[in-house]
Amino acid sequence: MLEARLGRAEAMLDIIALEARYARAWDSGDGNAWADVFTEDGVFEIAAVGDRPPLMVAGRDQLSDFCREFTAKFTGVHVPGLPLLEIEGDEATGHLHFQFVAIGRIAANHSMSRTACGQYDVRYRRTETGWRMLHRLEKAFSSTRSEFFDF
Amino acid sequence: MLEARLGRAEAMLDIIALEARYARAWDSGDGNAWADVFTEDGVFEIAAVGDRPPLMVAGRDQLSDFCREFTAKFTGVHVPGLPLLEIEGDEATGHLHFQFVAIGRIAANHSMSRTACGQYDVRYRRTETGWRMLHRLEKAFSSTRSEFFDF
Amino acid sequence: MLEARLGRAEAMLDIIALEARYARAWDSGDGNAWADVFTEDGVFEIAAVGDRPPLMVAGRDQLSDFCREFTAKFTGVHVPGLPLLEIEGDEATGHLHFQFVAIGRIAANHSMSRTACGQYDVRYRRTETGWRMLHRLEKAFSSTRSEFFDF
């Protein structure tokens, strides 16, 4: 009984750490560390908003490539807010908001800075090596962009 | 002894989830879900800052209306920071900082975007259905506003 | 066994509270409260970035003075994101991201506003009065500054 209650508290704390690891891995451009936050068959999705198409990346190899290619051009800092977590045995769901500040070097004479915020809806699964993300949906709410043309 | 310690940890995690629920409910414009974060007689206050008058909303019906009316015009994303919580039996206090990014449609040809940050001081009470907010004071520190006049 | 697991969960929650206390103490300009977040011989460092020199402040008296002198000119709000914590007995490490919004009165007719974000790498130690910071390294990623010359 105590153990079950403690297990739930530990799951919440482990998922908080997993969310922090997600932010750190992406922001340091470490594709493998970022992919490792997901399950083997984990999926990262970005919802279509405004005139932007949706995006879906599935599986650790693709996740790792996606992170590496993106962060080669755009580096930034995620600030993850407090999560709303619901634990059900070895499965969990989460909802949290974030801010992301980034700079990008689009070409030799074209750079930009961007501030975005939005929300994540996440499904987690407990694996033999700890909690991982099964599915993560990112939905941007705002994106403020400054571009610089260095002629 | 172990149970008392575990109870305190659970209270902290439940209040973290309550704070996340507050953000999610407001940002999805769900007046009833937002009011349900408070006790039946819960109070939401905004402190007077600069030339802005204070505001006070008390009781679930009024809280629900307040959220619905505000979010009909202004939609946004709250990013809640880590809270400083102090638990005393079935009562608790919290202090946390936040950022809020919003867009508003003030009239057909007048819209705006706004970024604000500030702090919350909160008193929580444990009820039969879990932790709720008895009193929440919001104090804005900054508000950056861009207005658009679409003539 | 259960007690060791609970101890780890409590350590994580206490460090989350310590991080919130760090933000609150600085943002309220309370030098002593801010210094008290560190151990007696605690060190706060800011990494060199861009053309900015590094900075190091060691020991509670110096930490308290540093906070008081800075906040006499610049007041602001820190929003700390979720931390990645690793606990090892009475020692711990943490990594978290933050946003900081500030206004400054540089001179009677010169003021500014600033939004910064970045990351912290922290080493914590459990003392007789609870967890404290042994070493905190702040690394800014971005700093957006608006200056106002009131002639």
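Per-chain numbering from 1; labels A, B and C assigned in written order.
Operating definition for what follows: a residue touches a chain if its C-beta (ideal position, glycine included) is under 8 Å from a C-beta of that chain, and two chains touch if they have at least 3 such contacts.
Everything quoted here is computed from the prediction, not taken from an experiment.
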item: Subunit A on subunit C, rotation in degrees - Cα superposition, rounded to nearest 5; value: 120
item: Homomeric contact subunit A-subunit B: same or different residue positions, threshold half; value: different
item: Subunit A and subunit B, separation of their C-alpha mean positions in angstrom; value: 24
item: Numbers and ranges of subunit B residues touching at least 2 other chains; value: 2, 6, 9, 13, 79, 81-83, 99
item: Subunit A - residues contacting subunit C, complex; value: 2-3, 6, 9-10, 13, 16-17, 19-21, 23-24, 27, 75-83, 99, 101, 103, 113
item: Complex interface listing, subunit A residues touching subunit B; value: 2, 5-6, 8-9, 12-13, 79, 81-85, 95-99, 117-119, 141-142
